[in-house]
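Next come two complexes built around chain A: one with chain B, the other with chain C.
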Partner chain A sequence: MKKLIITTIVLSFIGLLNAQTPEERGLEIAKAAEEADLGFNSSTVELKMTLKNKNGQTSERSLTTKTLELTEDGDKSLIVFNSPKDVKGTSTLTFTHKIGSDDQWLYLPSIKRVKRISSNNKSGPFVGSEFAYEDLSSQEVEKYTYKFLEENGSILVVEQDPIDPKSGYTRRIVSYNKDKGYRIEKVEFYDRKNALLKTLSYSGYKLYKGKFWRAAVFNMVNHQSNKETRLEFSNYNFDVNLSDDDFTQVALKRSGN
Partner chain B sequence: MNALKKVSNVSNKFAKQWAEFVIKRKWYVFIATILLAMGLGSQGNMEFDGDYHVFFSKSNPELEAFDALQEKYTKDDNVILVLSPSNKNVFTKENLTAIEELTSEAWNTPYSSRVDALTNFQHTSAVGDDLYVDDLSYESSLKSESDILEIKEKALKEPLLVNRILNESGSVTAINITVRLPGKDSAKEIPEVTAYVRNMVEDFKVRYPNFEVHSSGLVPLNTAFFEASMRDLMLTMIMLIIVIITTFILTRNIYSTIATFIVVMFSIMSAIGFVGLMGIKLTPPSSVFPTMILTLAVADSIHILITMLQKMRKDGLSKTDALIESMRLNFMPVFITSLTTVIGFLTMNFGDVPPFWDLGNITAFGMTMAFIYSTTALPALMAILPVKSKVKRNKAEVIKNNWYSTLGEFVVKQPRRLTIISIVIIGGLTFLATKNTFNDEFINYFDQSVEFRTDTDYISDNLTGIYNIEYSIGSGESGGINNPEYLKNLNAFEDWLNEQPEVVHVNAFSEVARRVNRSMHGDNEQYYRVPDNREEAAQYLLLYELSLPFGLDLNNQINVDKSETRVTVTIENVSSAEMITFAKKGETWLKSNTPEPMHAIGVSPTLMFSKLGFRQADSMFKGNIVALILISLVLMLALRNFKLGLLSIIPNVTPVLVGFGIWALYKAQINTGMVIVFGMTLGIIVDDTVHFMSKFLRARRELGYDAKQAVIYAFETVGKALVTTTLVLIAGFAILSTSSFALNSYMARITVIIIISALLIDFILLPSLLILTSKKDSLLKAKN
Partner chain C sequence: MKFQNPLLQILIAIIVTLQINVSAQTDKKNKTITQDFELEVETEYRYFIDEAQFDDQQDHFPAIAFLPEYNLQWNDGYESLNFTGFLRIDKDDNRTHWDIRELYYQKANSNWEVSLGLKKVFWGVTESNHLVDIINQTDAVESFDGEQKLGQPMVQFTLTTDYGNFDIFYLPYHRKRAFSGKKGRLRFPVIIDRDDITYQSRAKEWRQDIAFRWSHYFGAFDVGLSHFYGNGREPLFTINSNGELNAFYPIIHQTGLDLQATHNAFLWKLEAIYRSADAQDFFALTAGLEYTFSNIDGNGLDIGLLGEYLFDDRDELVLNALQNDAFFGSRIALNDTQDTSLLIGGIKDLKTNSSIFSLEASRRIGSSWKAEIEARFFSNIDANEFILSNFSQDSFFRLSVSKFF
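And then the complex of A and B:
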């Protein structure tokens, strides 16, 4: 609430002084959003991913995600595949970095080995879905440059340009809801030729621990291929108290079993 | 007979009254026709559609199968840019940098979804215990000599590159841009892509003049269709000039020329209005409609004008009387010839190729309007214009008439011998006609003057094939593509395909499985085989997919459920028949060597075109029979004679057989465009028969001549008219035959042959038959 008051004051000053550039305001909003979500420490969630092609044929995967919040660097996360059967137990461990490429490992239960994933490429689709790895990884403020576009009631629209030259996007148009802890309502992705590629909409938001907004459904629509991917989250748990030890290669091997 | 004669009198009376009305109300009639033509013309809207899909009807099973495959994976229209550096070695720092630069610009192509090039090829390797997937040459400008040598070695060993993106010697490479056209308005989307790519290539050539660039693919094919339409539409202007010149020579009267010009322009304006009203988008076959209408419509005017001028010059009638008399004499013949032509063109609707439906309908409408304008605007204009003519005897005409009577006498002397010779020649050519084979290689639709053709030939000669076949091979279960049984069978299919002589390249998922398996085992060549264990295969695939960058994923090769994969086979330039045989061979191999879920049918645009001619021929067969029956019925009614109506089938059908027989000696390959000529030429050549037979009958009935005299009379009266209309038709179709687009040029060429044959047959076989059949009549009469 205090944050909101400050922001409101700041915003009214902009109107009077016109001193803040759109870039500065965009960055400020991104930081505010990051700040609003600070302090969840760690969480786990179950995830069902449904892929749908143009003809409506579907395919499902189910996963479990663990996240550990870090402030000095990006978050760590561990994703375990529960289905399809052939990849059950396969899991990925990711260390997001504020600056530079993320580190990522994959545990393959069939050969009981951990393999490092080539980290140059993270713009490709995640397990055949419409989500790129970069859409799902922890959104660190340092990964983009910003430009405030417009304000519609409580919605703040900010353009984000990825810093990574290997990103699949030229820009993302993100809609923040300033009245709901700067949660993201919608993201539009523009591809390398600056054509609208995908829209991600968040729905079924719930407030956890009185502070953390989490959406129950992420729906990604690819406008060029007419394919869709829906992520449904359930069983959010913010009381798991995970630590660094739960996000190591050893833990990765263990998690699959 | 009396009843029919009454009908004839009624029609004569009607034509006369009609003419009198038109002349009396000439200004009203003329203004009304201007309003009609302008009104229709204002609705005109000429839009072009170059998408190759237009050649296939919605219900075409090959198109349905191909669309289904594209929906399962990705819809891939492409532009392939082939780069040939002058030093004949792609692998230099400068050349790789240039390729990398062009590749990154290619990503900006409108609607592009993927760009495959040498530099961004996703090379897999084992680094320590890890799988490393990365661009084959990233930031090439920073590479050292030894790096480049290493890249060259890797590239030339890579089965997914060689013969697809890179030639075997490493002197030519390609960038393949896949575009996903929304398909909402192909008339806009395709030019957008083409314009961008052409600009990009121009800029590239300025920066890197040492590169030669050739382009092909489905988008350039569509562009070539598009541009062929526009070029063929331009032929209209040449035909218009020919119409003006011909009319002037034949009538030797400036006002007649103006009137004819106005009538044909009105007809074309109305047809353009029809195009707009019906929302037809022009394609190469349908874009020739103005030339067709010009060619066919001018005959109506010429018949009416020549008679009128003759009546004025020879018989000394006043302008009005001559006009009325000409209308009385020509109304029925012009009506009947228009009717048969309209029937002929409408039968194109029986076919299975939509652009020919459009051509048939637009031309049929244009011809109907040409009939209306020839019987309204034309006489009204001639009444308005100050046409004057002196009564004179034209000596040259007398000599010409002599020439036609000489021909008549020659025929009359030896009807039996001429019939036998004709039948032998026609029989021989009919036999030859069966030797023609269908070939709808879409590259060969364009002649060497078209850049698409020469570029595509260059690509076929130096790098890869343009023709392909695709199979979507199922496993029968979700995730089943990782089943070792499936992978082994897929691998065997891939190997079998590679052994076939016509195969240039095979892209199958088994190659991905082998490659990843090898890299997962420290790049050990022994593991360059499909994994033995399902979980292993699935998890390797997961790892591999997680390592791929934007736009270079496997979604174009694997369906969402991981139950099917796509096999793309690139084939040398082979004929349609060989293409169909090859696809069948593949299908049969799958049936006899793999479990049922893996059985698949081959599909691709190439295959769709290969089958197009056969499909069109099958569906047009019925249409041709209908046309023959209808046109013969019209003839029987027009001639008021059942027997002669039946007899007319011979001179109407045989020219087509002769035409295809001569074609067998000329090219022996026929395409989809030529299938329609039977119905179309039938409607045109029947005019010759109608005129000749009606004059023959008039001589018999009204003048009481015997068969021989009647034949000579027919030669004298209509010989010249038939030759002149044939010349106009030949001029029109000869102009169309210069089209760079084979569906149009072949159709026009065979039509020229058929029209000439028709005239010869009508001058030799028809009169011989008339005499021979009449003899029997007279014998019968004598007996009675």
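And then the complex of A and C:
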């Protein structure tokens, strides 16, 4: 009798597990990925962006990014352009929000002007690259609905549907590596017509502070235009101890000088 | 560019040691020094399409400008020395000029920042006119839109709090505005020598001026409140009984408000000032909106629409002649690899119908060149416009090519 009860409990537990919908499993994975990256506090990184057009001609930009981790709301970030030289010092300050639109300011060093800009333009390209603004903004769990698709060894594939109707995508197919702190290996982007638009592959992953996986290279290929953008990250620093004071309009102006 | 010259390291070490900084003993300061030098060389050609209104005025103005920039940072960027120079050589003698746009030392801490030296500061939100912006003198011979400024000597202290940013400015020296010379366009029939413009203040340019600004943001709103007390940046023009133009810099109080609400693709903007002097009190405002259709073609094309209304109590004595005008414009950005952008617009006087149309376009060429085109057209200028009537023949094209080293 006792055995039967236990079996029943175990069976119903398995049943419960099976009853977890793909939506619940997808959300669970996204949360696990967020959880795995919690606690980096702040970081700085240098970034080289190489844009390649369909004829193979390239142009480069270099930027420095500072990030401040916030748990109650989305992260704060400050991006400074170092090249091309005519835009050197141009900087953006972004306060990501888990719900609602982000707050964003642009600093133009030639006229010393700080401009609050609309964060409406999510789908537009970031400085002519194949990365849209939304691809580079802080990835908050609340910004998508989820659907678990499949498991291949350590790779978990999840469909993410953006909640914001201003997103340029109907869905993103994201491959997580559950054995490596749920780091993302690949993202496929489907446009508003649900056609495959871009593939983003991450490579050269390194583990920082024994916890945080960061890729050295992001490679975005646009399948429709045959253009490509490669981001190379260097000099990751997780010991900078930045605070809210380093993410103000005053700090924005200072960074652009 | 990283820099590890031992001499400089020592120099910086001395500066750091000299500072009364109690926490320096406990903080492990980053001793990395970074320095950066950049030079922009700009060749420019301005062509005025209409026959000159006044004697000696020319049509063609080839020019060249040099803009060196040097920046030294240490203490993780919390301390820096910044320099921006400017030299313009032009056919018009008065437009041939040099300036130290910036040369200041800056020290920042977690929630405060102090700058000492010549610096540029911008305040404001609107596009067609910059009412609130008052710290720096306009480099009036350099640009038509007034966005080029002369370096202003100052001590600026900024405090960041939960209640916004507080800026206090101590401005020990006033800089006079330059005006076009004999050969130059965009001038009055008489040539104004900047030295002929006097001051109301007995201390003249050495009057010790102050300014204060509070700025903050609440969700969708960005707000700034400012007050300036000192030598005005705009000279006051009067005509005496002999018909002679007389001009001086009055002592002014100016209170300014700038406000922007950012909602989806809408930017709602307002700038308002109240300026009082012994000779003149007035109110002025610029209010409008900007709406951007972004990524229209799925390829990055942004088209922004701008509309602003400009009002100024001074009526016809307004230096830039924007007393009751409407501005409409469009900002087009391709967001391509070469950052191609275009701004077209027109300002129309609602009473006299005098209009100014403008076009500004720019594009990067390769990785270190940039080309710009600017055009201004004065159309239907009413002969009774006190200021603008002098410019009715001064429609021009400007082409410039810059190389960045």
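Criterion: the second predicted complex is superposed on the first by the 240 of 257 C-alpha atoms of A that agree within 3 Å, B and C clash if a C-alpha of one lies under 4 Å from a C-alpha of the other, contacts with A are read in each partner's own complex, and residues count from 1 in each chain.
Here, a residue touches a chain if its C-beta (ideal position, glycine included) is under 8 Å from a C-beta of that chain, and two chains touch if they have at least 3 such contacts.
As the structure is a computational prediction, the values presented were derived from the model and not from experiment.
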| item | value |
| --- | --- |
| Chain C versus chain B on the shared chain A, clash or fit after superposition | clash |
| Partner chain(s) touched by A:Gln249 [first = chain B, second = chain C, both, neither] | second |
| Which of chain B and chain C A:Leu106 touches, first, second, both or neither | first |
| First, second, both or neither for A:Val87, with chain B first and chain C second | both |
| Partner chain in contact with A:Ser59 - chain B first, chain C second, else both or neither | both |
| Chain B versus chain C as contact partner of A:Ala195, first or second or both or neither | first |
| Chain B versus chain C as contact partner of A:Lys211, first or second or both or neither | neither |
| Chain B versus chain C as contact partner of A:Lys31, first or second or both or neither | neither |
| Partner chain(s) touched by A:Lys98 [first = chain B, second = chain C, both, neither] | neither |
| Part of chain B, among the options 128-136, 164-172, 200-208 or 578-586, whose backbone runs into chain C after overlay | 128-136 |
| Chain C-contacting residues of chain A that also contact chain B | 51, 53, 59, 84-87, 111, 113, 115-118, 120-121, 123-125, 127-128, 168, 191, 225 |
| Residues of chain C touching chain A in the complex | 38, 40, 71, 77, 80, 82, 106, 108, 110-111, 113, 120-122, 124-125, 147, 158, 160, 165, 215, 217, 219, 222, 260, 262, 264-267, 292, 294-295, 298-300, 302, 335-339, 364, 367-368, 370, 402, 404-405 |
| In the complex with chain A, residue positions of chain B that touch it | 71-72, 74, 107-113, 129-134, 138, 180, 182, 478-479, 482, 520, 533-540, 542-543, 545-555, 558-562 |
| Chain A residues within the chain C interface of the complex | 51, 53, 59-60, 83-88, 101, 103, 111-118, 120-121, 123-125, 127-128, 168, 191, 225, 243, 245, 248-251, 254-255, 257 |
| Parts of chain A lying in touch with chain B, wherever the complex brings them together | 51-55, 57-59, 81, 84-87, 90, 92, 104, 106, 108-111, 113, 115-118, 120-128, 132-133, 166-168, 191-193, 195, 224-225, 227 |
